[in-house]
Amino acid sequence: MLTLLGACLLALLGLSALGVTGRAPRVVFLGCAAAAAGFGLAAAIALTGDGMAATALPVGPPWAPSLVALDPLSAWFLLILAVVAVPALLFAAASPAPPPAEGAAFPLFLAGMAAVLVAADGFTLLLGFELMSLASWALIAARHPTGVGRRTARLYLAFAAFSGLCLIAGFALLAPAGLGFAAIRAAPPEGWRAAMVLILVLLGAGSKAGLAPFHIWLPLAHPAAATPVSALMSGAMVKVALYVMIRLLLDLPGPAQPAWWGLPLIGLGAATALIGALRANLERDIKAILACSTLENMGLIVVGLGLALVFRGSDLRPLASLALAAVLLHALNHAGFKTLLFLCAGAVASLAGSRDPDRLGGLIHRMPWVAGCAMLGAFSAAALPPLSGFASEWLLLQSLIQGWRVAEMSIQLIAAGTLAVVGMAVGLAAAAMVRLLGLVFLGRPRTPRAAGAPDAVGMMRVALLLPAALSLLLAVLAAPMLSLTGGAIRQLLGANALAPVAGFDLVLGDAGARYAPWAVALLLALAVGLTWLAVRRRSSLAPTREPAWDGGFMPPPPHLPFGDPLSQVSAMGLGQPIRRSLGRVALAIRERHYPAMPGDPATATLRVDTEDRGFTQMLYPLARLRRRLSRRAEALRGRTLRINLSLAFGTLVFLLALVAWLERG
Amino acid sequence: MSLAAALVLLPLLAAVLLALLPDRASRLNIVASGATLLLAILLVLTEPGGDGLLRADALNMPLVLIAAIVGFGTAIFSEQDVAYEMFDRRRARFYHAGFQGFMAAHFLALLSDNLGVMWVAIEAGTLACVLMVALHRTPAAIEAAWKFFILCGVGIALALFGIIVLALAAQPLLGHGEQLSFLALRAVAARADPGLLNLAFIFLLVGFGTKAGLVPLHSWLPDAHAEGPTPIAAVLSGLLLNGAMLGILRGKAIVGTNPAVISPGSFLIVLGFITLLLAAFSLWRRRDAKRLFGWSSIEHMGIVAVAFGIGGVPGHMAGLLHLWGHSLVKSAAFFAIGRAARMKGGQGIESIAGLTTTHPALGWGLALAMAALAGLPPFSLFASEVLLAMETGRERPWLLPLLILGLLVAGTALLHAMQRLCFGLPTPEPIPARSGLATLLPLWVNLLLAAILALAMPEPLARMLLEAARLLA
Amino acid sequence: MVVFGGLITQLLHLALILAGAPLLTGVVRWLKARLMGRRGAHPLQPWRDILKLLRKRPILADGASIVSRAAPYLAFGATLLAAALIPSFAQGMLLAGIADLLLIAGLLALARVALALNGHDAGTPFGGMGAAREMTFAVFAEPALLVCVMVFAVLAGSSNLDTIGAVFREGALGLRVSLLFAALALVAVALAENARVPVDNPATHLELTMVHEAMLLEASGRHLAVWEMQAALKLTLWFALLAAIFLPFGTASAGSGPLLWSLGLLFWLVKMGLLALMLAMFESAIAKMRVFRVPDFLGGALLLALLAAALIFVSTGLA
Amino acid sequence: MGIGELPYDVAHVLGGAMLLVSFVLLYQRRVASLVNALALQGALLAMAAVWQGYVQGAPQLYVTGLIALVAKGVLIPIFLRRMMRKLAPGHHTEPASNIGLSMIGGALLVALAILVVLPVTTGAKALAREDLAVALSIILLGLLMMLMRRSALAQIAGLMTMENGLVLAAIGVAGMPLVIELSTAGLVLVAAVIAGLFARVMHERFDSLDTDMLDPHRGEGR
C-alpha cells in the first residue's frame, strides 16, 4: 500500500520535472492519469480490505517525521480524487499542448491533494494543502499574463494564503500535545479552545471550500483555469477542503463536542447553497455557471455536515450516520457529474469557440455526444430521479426533515428554515441547469461558429463518456457505493453506526422512508416505454418539418440564416425572472434602462451590472482599512534622521523608566 | 591553531591580499570564500568547544555554516555583478577587501565567547558595511550610509554599555578577565543582582535591536539595503542581522537564567509584534524592489524576536530555524532581484515585470524565493512559522490572532509584489542579457538548501538545533 | 393475498387515473362554465380532443431537435409514475413501499424540466420565456412542498405517503390548525404546479400572460396529445394527493377485498368531485395575477408552511 | 570608601566635571568651542582613568588613560578642527530647538539616570555606582545632543561624548580586559575618520553639513 502510494507520488514529482521542460505534454498528462488511477486503486483496496496504519516517512520537519495513513475516510476522498482526475487528465491529453508551467504544476496539484488526503499529522497536511493552493494558483496564473485573469489569480492567491494561515492557527490550538493525529485525538480540545478551532477551521477550510462569505474567489478562479484544471478544482479541490473540515471538526476533536457546533455549519452551508444556486442563474459564462453550482452543492454538503455534528452532539447516532452518509455520497456524486459538466463545457468552449451562452445555441444538432453527456450531467445536478444527484440529496433532505427529532425547539425551527432554503436552492439549481442546456444546446445557433461546431471525437469523447458512465452507475448503485463508506461512518460516529442502506435501497431505519433507485429507474423506463408504444400504435404518421409557429411571428428574412437573433431569449433574459424576484439576496444589482426615443432608430437597451455582496460588503471595506493602515505605517518612514534618532532615544528612555517603575513596584 | 581561529583568520588574510593585489580580485574572492566554506563545514563536523576566546557551540556553528554558504554564494554573484558597477581600481580593491573583512568580523562575532570581542567584531563589521553602502556616492547612498552610521553607531554604543553593566553585575562573582565570557556569565547570572541585569538587557536590546532592525529602531535598514551594491544587501540581510540577533539572544540567555529579573521575553515579544505589524503594512507601499526585501527582512526579524520572546525549546527552535532559512532565502532573493534590476536597468517594481516569461530560471527562482518569504512551503520559513504558531498556541494563545494577522498582511503583500515582478507582460530590457550561472547557481542552491532544511534536515544539524534551543531555554 | 391484492389494486389504480384524468379536466371546465353561466363543453371533450390529436400528423419546428420528440414521453412517464404512487381508493398498493413524498416531488420536477426543455427546443421567444417562468415558480413552490412534507413527517413519523395516509385516517391526531396551514400551503403549490388561476390561466392563449401553454406552442399532433394528457394527469395527481392526505377517510386497504375497494372508490370519486367543484368555484371567483406577483403568492405559501411547522414543534414540544 | 575620602572625592570631582562638560557641549553654539569642550572632556576622562588605575591598582587602566588622552584629547579634536576649518570656516551650529529646552531635558535625563542606576547597584561599590550613574548621564546627554543638533560635526561630537561615557563606565568596572579598551579606542578613531570622510563628501555634494539637507535625497521618495 505504502509502496503504491509512494510510487504514485514520486511519479507525479518526476512528471512535473518532465513538465518543466515542456516536452511531451501528452506523456505528462497520461502519466498523471495513471498515477491518479493508482490512487483510485489504493483507495479501493483500503475501502474493501483494510487500510494503512500511520507510517513514518524518511522526510519531515526537523522536529518529527511526517506520518501518512490511509483510513476509510481518507480512502473515500482519495477515490473521489481519482474519479475526477482520470477523465480530466484524459481530456487534458486530448487538448492542445499547454504552456510548460502548466505541465509542471499539474502533477504537483495532484500530489498536493493526495498528500492532504493521506497525511496523518498536521504538518504534512498543511504542506499538502499549501502545495495544492500554490500549484492551482500557478495553473491559473500561467494562463493569464494580463487582464482580469491576473486579478483573479491575485485574489485567489490571497485567499489561499488566508486559508493556509487559518488552518495553521487551527492546528496550533488543536494540537498542544503534538501534530500527530493520534496525539490530537488523545487530548481533544475543550471550551473556548475548541470554539476557536471551530471558527478557524471554518475560516480556513471553509474559504477553500467556498463557504459564504468567502466564496467570492471561487466563481472567478475556477473558470479562469484550463478546463481540466477547472474540473479538478471544482470536483476535487473543494472536496479536499471538505475532507479537512471533516477531519478537523468531526474526527480529531473527538465525539465530546457540543451539538451547537453544527449550527454555524448549517447556517453557512444554507447561505452558500442559496447564493451559489442564485448566481448560477445569473452568470453569463458557462464555466462560471458550473462553478456557482459547485458553490450550491458544497453548501448542501456542509449543511449535511452540520446536521451530522448536531445529531451526534445530541446522541442521535442513526440520524448522524444518515447525514454523514448524505455528505459522503453527495461528495462522490457531485465529483462525478461536475467533472462531466466541466469537461462538456470545455469541449463546447474549444469546439464551438466560446464560453458565452449568447454566442452558442443549437449545439445538440452538431455535437450530439457532448449534448447527451451534458444533459445527463445537468439532470444529475438538478437532482432529478433516478439520477445520481437525487439519491444523495434525498438523503440530505431526509436528514433535514428528521431534524425535528432533536429535542431542542430552536434546532427544530432551524431545521425547518434550512429545509426551506435548501429546497429553494435545489429548485434554483434545476432552473440553472435548464437555462444552461436551453441556452447552449437547444434552440437556434446564435453565431455561425456555433452552427458549424464539430462534435467531440477520440480521446476527448472517451474523457466525456467515462464520467457519464460513472454517473449512471452511481445513480443505480447508490446503495452499494454508500455501503463502502461504512468504515468511515464507524470511524467518525462510533462502532455501532451504520450506513442507511438495505441491499440496493437507501432506507431510514426507524422513519421507514425508502428510496430504491433501481426500482425507480426500472418503473420510469417501463412507463416511458409503454407510453411510447401505446401512442405510436395509435398514431404512426412521421412528423414533418415546418418553420416554427413562434406565436405568429413571420419567418426570418433570408439574410438571417438562423432566424432573428433578437427573437431568441438571451442569457440575461432567461435569468430575469429570478433576478427580479431573488437576485438582491446575493448580489448588488444596478439596472439601467435606456428606452428607445420616438424616431430614434436605436433599439432600447437594458444594462444590468451585478456584483457579489461578498465584494461590496466584505472585501472592499477590508481593502480600504488595509490601505489606511499602510498609509499610517508609511507616515513613519518619511521622517528626518533626527526624528528617527529621537525614536530610538525615546524607546531607550521609555524602557529605562519602565524598568525603574517596575522595580519600585 | 583551532579551526575557529582559522575560520576568522582566513578571510582576514584574504582581505589583506585583496587589498594588496586587486587584479583578478573577484576570482580570488571566490576562492577565499570557498576555502572558508570548507573550513566551516569541517568546523560543523568537528566536536563543539574551543579555547577561551573563540568557542564553537551548537548555537553558533550552524550560523557559521550558513554565513559561509551565503558568503560563498555572494562572492560568486558579485563576480558577475561588480562588473556592472564600473568601479575604479581603488574602489574595486576596497570593495573586495571590505567584503572579506566583513566576513572575518562576522565569523569573529559569531564565534567569540567573549562579549566584548563580539561587540568589537560587530562594530568593525558595521563600519565596513557602512563604507560599502556609501560606495555609490550618490546623494541617496550618502543619506542611507549616514543614517546607517549614526543610528548603528548609537545603537552599538548602547550595546557596549549594556555589556559593561553585565560585567559590573558579574564583578563580585567572577575573577578578572572572565567577567565578559558568555559561559561564565551564564553560569553566575543566577546569583547576580537582578536590577543590573535588567538594566543590561535593556541596553543590549536597544543596542543590538537597532542593528537587527527592530521597530522603532529600524529606519536605517531599508535604505541601507537599497542603496548599496546588491551583494552587500545580501550579506546585510543574510549575516549582519543574524549577528545582531545572536547578540540579543546571548543577552537573553544570560539574563534569563536569573529568576528575579523582569522576563526579557516579554520585551522581545512586544518589540517583535510591533516590528512584524508595522513592516507588514509598510510592505504594501513599496515601489522599490530592494527596499521591499529590506522591509521583509524587518518583518522576519520581528517574527524571530517573537519566537525568541515566547521561548521554550520549540520557540527557540523556531526562531533559530527561521534565522537560518531567512538568511538563505533572503540572500537568494537579493541575488535574483539584483540581477533582474541589472537587466531591466532599474530596481523600481514598476520597471520589472514578466520575468518568468523572459528569463524562466531567474523568474521562477525569484517567485519561489518570494513565496518562501511569504511563508509558503516547501521552505524552512514555512516550517519555522508552523512551529512558532504551535508554540504560540500552546503558551500564549491570545497572541495567535496578532501573529496570523501580521503573517497574512505581510505574506499577501509579498505575493502581490511577486506577481507584479515575475508575471504579466515583460517590461523592455535596455541591457538584454542572459541570467548567467553566477546568479542562478547561488539562487537555486540556496532555495534547495532552504527546502532541505524544511523537509529533510541532516541529522547532525537537527541535533544541533535541538541542542542550541536547550542551551537557550 | 396482500401482495396479490397490492398488485390488483395498483393496476386498477393505474387504469382509474389514466381513464379519469381527462375526464376530471373536463368536469372542472364544465363546472367552471356552469358557474359562469355558460353551458360549457361536454365533460368528455378533453378525451375527444386527445384522440383527435393522436390522429393528426405531428409538425416539428425547424430548429426542433430530438428533445421535442422525447420530452413528452419522459414528462408523461414521470407524471404517470408519480400518480401511480399516490393511493386513490386503496392503501398499501404494490408500490406503497417507495411512495415517498420526496420521490413524488422529484418525479414532478423531472416532468417539469422535460416540459421546460421542450419550451427551449424550438428557440422561440415564448418558449424560452415560459420555461424561465415555470422554473422560477418551482423555486418557490418546492420549498413550500418540502416544509409541508416535514410537517406530515412530524405527525406521521415518516415521509412515506402511504404511512401518512394511514396515520391520518386513524385520525389519532384530530383536527390541528397546523394541518390547516399546511393544507392551504399545499393548495397554493398545487395551483402553481397545475398552472391554474391565479398563477396562470389554462384557458387563455394570450402569449404575454401565459406560462404553461407557452412551452407547448410548437407541439402538435401526438406530442400535443401526450402533453395534454400529462397536464390532466398532473391535475388528477394533485387532487389525489390532497385527498390522500387531508381527506383520508374511507380509503380501503389493499388486503380487504373488492367490496371495500368499491366503497373506497366511491369515497374517492366524491372527494375528487368535491375538489373539482372547489377549484372551479375558486377559479371563477378570482382573477389571474401579474407574473411578478406570483413569487409573493408562493412565498406566502412557504410562510404558511413554515408557520405550520413551527406550530407543530410547539405542540409536540408541549405534548 | 565613601564621601569624604580622597579617592572617592577625586573620582567624584572628575566624573562631575565630565558631566558638566557634557552640559557645555549641549549648550555650546560655536563649533570651535564645541571641539575644545570635547578635548577637555577627553582629558578629564584620561585623568579619571589614571586615577581609577591608581585606586584599583590596575596598571592597564594607565594605558587606557593614555589612549584616552591621545585619542580623545588630542587626535580627534585636531582632526575635527582641521575638518571644521576646511569645511565650515566660522560656521555656527544653530540648535534645532532652543537651548533652554535641551537644558531642561538634560537635567531630566540626569535625574532618570540616577533613578535607574542607584537603586539597582546597591550591591556594588559606591565608586562604581557613582561612575555608572555619571556615565549613563553622559551617554544620554550625548544622544540628546545628537538629536538636538543638525550639523554633522555636532552629531559626531555627540557620538564621541557617548564613547567617553562608555569608557568612563568601563574604567569603573574593575578588570575590563585591555584588548577591549584598545580595540574600542581604535574603533572610535576609525569611526571618527569615517565620519570625517562622510562630512567631506556631504560637503562637496550639498555644500553644507546640515544633516537635514540629506533628508530630501532619501531613495524611493516620500
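Every chain is named by a letter (A, B, C and D) in the order it is written, and numbering of its residues begins at 1.
Please note the rule applied: a residue touches a chain if its C-beta (ideal position, glycine included) is under 8 Å from a C-beta of that chain, and two chains touch if they have at least 3 such contacts.
From a predicted model like this one, the values you see are computed outputs, not experimental measurements.
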| item | value |
| --- | --- |
| Highest-count interface - the chain pair sharing the most C-beta contacts | A-C |
| Centroid distance [mean C-alpha coordinates] between chain D and chain A, Å | 69 |
| Gap in Å, rounded to a whole number, between the CA centres of chain D and chain B | 30 |
| Distance from the mean Cα position of chain C to that of chain B, given in whole angstrom | 77 |
| Centroid distance [mean C-alpha coordinates] between chain C and chain A, Å | 35 |
| Touching two or more other chains - residue numbers and ranges from chain D | 116, 119-120, 143, 146, 211, 214-215 |
| Two or more partner chains touched - positions in chain A | 641, 645, 652, 656, 659, 663 |
| Multi-partner residues of chain B (each touching 2 or more other chains) | 146-147, 150, 154, 158, 195, 198-199 |
| Interchain contacts, given as pairs of chains that touch | A-B, A-C, A-D, B-D |
| Chain D-facing residues of chain A, complex | 638, 640-642, 645-646, 649, 652-653, 656-657, 659-660, 663 |
| Residue numbers on chain D that touch chain B, as the complex places them | 116-117, 119-124, 128, 132, 135-136, 139, 143, 146, 152, 155, 159, 162-163, 165-166, 169-170, 172-177, 179-180, 183-184, 187, 190-191, 194-195, 198, 201-202, 205-206, 211, 214-215, 217-221 |
| Complex contacts: residues of chain A adjacent to chain B | 58-63, 101, 122-123, 126-127, 130-131, 134, 141, 145-146, 150, 153-154, 157-158, 161-162, 164-166, 168-169, 171-173, 175-176, 179, 193, 196, 626-627, 629-634, 636-637, 639, 641, 644-645, 647-648, 650-652, 655-656, 659, 662-663 |
| Touching residues on chain C, where the partner in the complex is chain A | 54-67, 69, 73-74, 76-78, 80-81, 84, 95, 97-98, 100, 102-103, 106-107, 109-110, 112-113, 116-117, 119-126, 128-129, 131-133, 135-136, 138-147, 149-150, 153-154, 157-160, 163, 207, 217-218, 221-222, 225-226, 291-292, 295, 302, 305-306, 309-310, 312-314, 316-317 |
| Of all residues in chain A, those that touch chain C in their complex | 361-362, 364-365, 379, 382-385, 390, 394, 397-398, 400-402, 404, 409, 412-413, 415-417, 419-424, 426-428, 430-431, 433-435, 437-439, 442-444, 508, 510-516, 519-520, 523-524, 527-529, 531-532, 535-536, 538-539, 541-551, 553, 563, 567-569, 573-578, 580-582 |
